[in-house]
Amino acid sequence: MAGSTFGTLFKISTWGESHGEGIGVVVDGCPAGIPIDEDYIQSFLDRRKPGQSEFTTMRNEADKVKIMSGVFEGKTTGTPISLQILNTSQISKDYSNIMDVYRPGHADFGFDSKFGIRDYRGGGRSSGRETAARVAAGAIAIKMLSYLGVEFTTYVKSVGEIEIDYSKFDKDEIMRNKLYMPDKEAAEKAGRYLESLIESKDSSGAVVELKCTGLPVGLGEPVFEKLDARLAEAIFSIGAVKGFEIGDGFKAAASKGSENNDPFRIKDGKVVKETNHSGGILGGISDGGDLVLRAAFKPTPSIYQKQHTVNNKGEEVDIEIKGRHDPIVAPRAVVVVEAMTALVIADLLLQNCTSKMDNVLKIYSCN
Amino acid sequence: MAGSTFGTLFKISTWGESHGEGIGVVVDGCPAGIPIDEDYIQSFLDRRKPGQSEFTTMRNEADKVKIMSGVFEGKTTGTPISLQILNTSQISKDYSNIMDVYRPGHADFGFDSKFGIRDYRGGGRSSGRETAARVAAGAIAIKMLSYLGVEFTTYVKSVGEIEIDYSKFDKDEIMRNKLYMPDKEAAEKAGRYLESLIESKDSSGAVVELKCTGLPVGLGEPVFEKLDARLAEAIFSIGAVKGFEIGDGFKAAASKGSENNDPFRIKDGKVVKETNHSGGILGGISDGGDLVLRAAFKPTPSIYQKQHTVNNKGEEVDIEIKGRHDPIVAPRAVVVVEAMTALVIADLLLQNCTSKMDNVLKIYSCN
Amino acid sequence: MAGSTFGTLFKISTWGESHGEGIGVVVDGCPAGIPIDEDYIQSFLDRRKPGQSEFTTMRNEADKVKIMSGVFEGKTTGTPISLQILNTSQISKDYSNIMDVYRPGHADFGFDSKFGIRDYRGGGRSSGRETAARVAAGAIAIKMLSYLGVEFTTYVKSVGEIEIDYSKFDKDEIMRNKLYMPDKEAAEKAGRYLESLIESKDSSGAVVELKCTGLPVGLGEPVFEKLDARLAEAIFSIGAVKGFEIGDGFKAAASKGSENNDPFRIKDGKVVKETNHSGGILGGISDGGDLVLRAAFKPTPSIYQKQHTVNNKGEEVDIEIKGRHDPIVAPRAVVVVEAMTALVIADLLLQNCTSKMDNVLKIYSCN
Amino acid sequence: MAGSTFGTLFKISTWGESHGEGIGVVVDGCPAGIPIDEDYIQSFLDRRKPGQSEFTTMRNEADKVKIMSGVFEGKTTGTPISLQILNTSQISKDYSNIMDVYRPGHADFGFDSKFGIRDYRGGGRSSGRETAARVAAGAIAIKMLSYLGVEFTTYVKSVGEIEIDYSKFDKDEIMRNKLYMPDKEAAEKAGRYLESLIESKDSSGAVVELKCTGLPVGLGEPVFEKLDARLAEAIFSIGAVKGFEIGDGFKAAASKGSENNDPFRIKDGKVVKETNHSGGILGGISDGGDLVLRAAFKPTPSIYQKQHTVNNKGEEVDIEIKGRHDPIVAPRAVVVVEAMTALVIADLLLQNCTSKMDNVLKIYSCN
């Protein structure tokens, strides 16, 4: 119950279903005095909106965000910021082929078992559409973090077995191709692979990678709200994620201590690390290195091939999924990964403000 | 701040440092009426206690648990269960070589930056010793889950690049070898590998795998407290974890929808899945299949080689770590992974009790 | 920060300002399968809407609620229920006389000190209008509780020094007079008193009383989430409340143990209490008696007399408050007290479902 | 479930029963760098320890506190501070007269209904002894607040119908008499009244009052974590409290706006209030005035008169309570009220640190 709230100080509560009135989010705990407007938030939503290319669903949603509260004269007021995106494309459809059937790879069976009732229209609450609300909230977190010099670069690292070549990494390329990949050649190759999958009514998995620079040292609360623990939860709360790594990730399991330890050095009077196997986190606390994380997305479960499954009457049936589905989740999920990462960092950055008495005294002596 | 509490209904709060008075945990929200005694909890602690073999630290800790509250006449009373393990081996030592030095791969630098003060004795709060408290709490969760038929099998899947062979999987073998591996040959090979690392003053990473059977369908709260999200957080809160997977994990990212979807079938009147690529979770909710998860552990950062690093005065220095350190984290972490998994499941299982009004009416009509 | 969320399992998050786009609430954790519609919720909102009589502000707000999510085919689905009430009367006004002035008795000074920015239009977030969102959420809690036989009677007990006479208590009268008092004569007397206050540009305090029958025994979580503790918090979160009592309240402080203890008896095979000095709560847990609570409301701070105060430039100034203000808070607050009480009970009733293992087994054995 | 945790940032989790191994508390989220030692905490515990006078139970408990973690070289480290008080006087007793009987005015019936099992020895978890853990935690909060100039004066305002005379208020007198009253004459009169009650095997209620000076403006989080709402919860979580007031409290309900509003003024360049009917809180936020709160305590329910009640077999029985019981709760509760108030203020003071972006920038620019 009550699983739609995330965060301790920078806290969000999302709502909404794929084909209901709309979706939205209440952001509570955002500090007062940050300039926010709808255009700014919209620019993030546009990165995940449908209809961008042949690799994203053709659903015709403008995904226009509206600020309902918490912003006054262009600035956050410290009170809850309510954001909403009305559904415009939830035209009455024929759901008879899925309303009582459990689609393979989907949450239908779980929802019915759990709640005894399910809004089957377009996946209802379990639709990926729910993540638009997170992106809207994440945009505010990203704005807040920008004042502290924290910046994000997020992209698709691999599609199926096609990986980017880091020697060809071009940050500007990310926003230029349809797959949000930083390597033009890999993007083209992946595009051709996806076209072949569309033809065979299939779909592909992918890996999304994020780098974050400028993170203050000291973020993350031992022992259960470690920075990596909170990030793992945040990223795994995105539908279709099946794996998560920080820094060297699973490769570290095959490594030796003498290789994996990052030596500390002094550079320009600051403590730095020579290497970054840790991915910017040691002992659950940001260590001054760049944060590096990866999320493995499974292939879109909605494929157009005929599939064998069961219905809610306990009968085995065939199903042919119709509608508008992406052959790959990851490109539109790039900005979702970025948003969830920013929400975690914003929350832990605020929590860290009171880690030592000196900080508290600093606040109140000047009040 | 305040990061040492975990869970919503089945909630734990841990405390303690490696070389202080002791460590402990308060378990709040455990239902009343469950038989618990110290011997039972001790049996779990013994699986992670030091000194089990040449591959675990020789620190001489009995790790004896004492129940301080919450159990009356052999049963839980519904009030907080306080468990504590006094430190017996924190004999005064010479910490002069590490008290002002930041050990590579450790949280020392992060703690100092964050708090401005650090209990440097044996790692203080960031010591792996802290996980003993989680194991004690987890034992209670496992007991509760056993009444519902939920069972765990947890083991080391790989050491460095040495993996188990599933065709030789022998559950009984897990408790027989020093590395908690279910494949005798792999365990022997891994043992020889670790001996060579000890000789070269090095350490190894590893992967721990867990299978859980008997999980009720419907556990996990959309959208932020999904079963996999909560598990990811729980496992990543264990020190040294750098990667986490459910089911096919990263392999799913290279897969196709037609391969990755698990077809539903009816078997003995029950909905079952033909395959289990999902690892028992769909849309963040348990799907009736076995839960399968994996955690990648980095190599123990405390190695005996001379390392270059910095101290808290901003100087570059050499460090030679002394003391008693495991050449591999994973074998003793097996029971920690099991404990954290059980804590998450216990919490979500209780939360799920009120997912539908029918359940609520069932409780109160019979009260 | 983040103070707009209330509850653990039955959780609400409210948003909105008096003269912004609107106000709303997200209800998360409501069990699935409860019939809810807008007309039902509206009937509660109508009890607090403006313009009901000469004793309530003439602001012309329809306060029409819209269900944005979480209800499908007329029933709750277990996912977040988003409710919103758009502002229709926030016509551009001249706020120049209050925008930089701290109204006595109001939160203006506190908000400015805390946030450095304040939506001054109609009180912004600190307006009593915010409670409409709570009433909408509370209506759902009341619906849920009705299935368990829990019922509420809430009314104004006193206006200024005019108290109801319990010998003339008439439950039906409550909804018949403008002041929601259960004693017609007292209501008429109070009405005349309020008319005189309106004439003298003044306002009155009042006491609201609530009785709740049918509460299951055992609600309330020792030691910090006691039923009375949670109620005290809930009622004191309503603006203008300055006092709170359970049962005999402050009278108990002048009493003796031999008078205050309620003897237990057996009646029809059930444990009952002979008297109810406790107000239905012992040791923080519902004891089977009727829940009785009282809230003291201060007089409306917005009075039309000229008042001396300061502005945000640090100058002393005179202020004459304009606009539409109730000469008494309590009548419209009656339903707010009822809503907040219901939200607490709903939350603790769900929490209590897992207090003993027998309950948990009952749920899962029948799943 | 899980009701033994309190607070968001400055968080405490208590455990323990009256006659078990001991009681304790884990304080998590206390900023690092605050000097704390056992003697300091002990001085607060001594104010509530048994055996101080003929008006407190003769139970022979030293109530010696031990710091188990979280303090290193005399200072808090930012990690959980575990405090424990072992029970020394829980000598095996004959509980046969109460083990299956529900004492009037006690939580026995509620606990049995809720949990199905109850540690009946001395009240178990529902014993007032549990509050010693809160006092220990509160001492740390008070220490933290002292650095910001926040100070507390807490005392018994009335015993039965005997009230202090404010014209004779003497702060130093509080610690000199056995009843912690600031008026010597009233204390003597109350003492004689209590002696008469002891003779008639009866007990008395009382009112405790607290004043807190030096509170920064701006504490309290709208709308559910208002300062007064959190205080109401905190104080009502203390056993035997039946009423709570801020400032004028219930008197405000009989007042007029023109009397109740506190005019703002400028004094020495600071915004101040001419009067303090508000008790230091407006709109849930500290307003710069002294915080004034009152708690009504019911008479001790354990009286030595023969009482009629029921047992857990559903039979009506007579009970004569034995043991060691205070004829009045309030004197020993004075320090508990102070501790709970300080815990709330400490928590909200930390939360307020991030209310505006300027504060956040202040922290990180200097880090």
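We call the chains A, B, C and D, going by the order they appear; numbering starts again at 1 in every chain.
To be clear about the criterion, a contact is a pair of C-beta atoms (placed from the backbone, for glycine too) under 8 Å apart; a residue touches a chain by one contact, two chains touch by 3 or more.
Computed from a prediction, not measured in an experiment: that's the story for all the values here.
Peer 1: Chains shared as neighbours by chain C and chain D?
Peer 2: Both-contact set = A, B.
Peer 1: Compared with chain B, which chain's mean CA position is the farthest off?
Peer 2: Ranked by distance of C-alpha centres from chain B, the top chain is C.
Peer 1: When A-B is set beside A-C, which has more C-beta pairs in contact?
Peer 2: So, comparing the two chain pairs, more contacts are at A-B.
Peer 1: Distance between chain A and chain D based on Cα centroids, please, to the nearest Å.
Peer 2: The computed centroid separation for chain A versus chain D comes out at 44 Å.
Peer 1: How far is the middle of chain A from the middle of chain C, if each middle is the mean of its Cα atoms, in Å?
Peer 2: Taking the average C-alpha coordinate of chain A and of chain C, the gap between them is 38 Å.
Peer 1: Could you please state the distance in Å, as a whole number, between where the Cα atoms of chain A are centred and where those of chain B are centred?
Peer 2: The mean C-alpha positions of chain A and chain B differ by 26 Å.
Peer 1: Which positions in chain D touch two or more other chains at once?
Peer 2: Residue numbers touching two or more other chains: 1-5, 8-9, 14, 29, 31-33, 76, 78-79, 113-117, 125, 217-218, 222, 350-351, 354-356, 358, 367.
Peer 1: Would you pull the chain D residues touching chain C in the complex into a rising list?
Peer 2: On the chain D side, the touching residues are 1-6, 14, 102, 104-111, 113-117, 125-126, 130, 158, 160-161, 197, 202-207, 217-218, 220-226, 228-237, 239, 241-250, 252-266, 269, 271, 277-279, 282-288, 296-303, 305, 307-310, 314-316, 351-352, 354-356, 358.
Peer 1: Can you name the residues of chain C that touch chain B in the complex?
Peer 2: For chain C paired with chain B, touching residues are 8-9, 29, 31-34, 76, 78-79, 144, 147-148, 216-218, 222, 349-351, 353-364, 366-367.
Peer 1: Show me the residue ranges of chain D that touch chain B in the complex, using the header's touch definition.
Peer 2: Contact set of chain D toward chain B: 1-5, 7-11, 13-17, 20-24, 26, 28-33, 66-70, 72-73, 75-82, 84, 113-119, 124-125, 350, 367.
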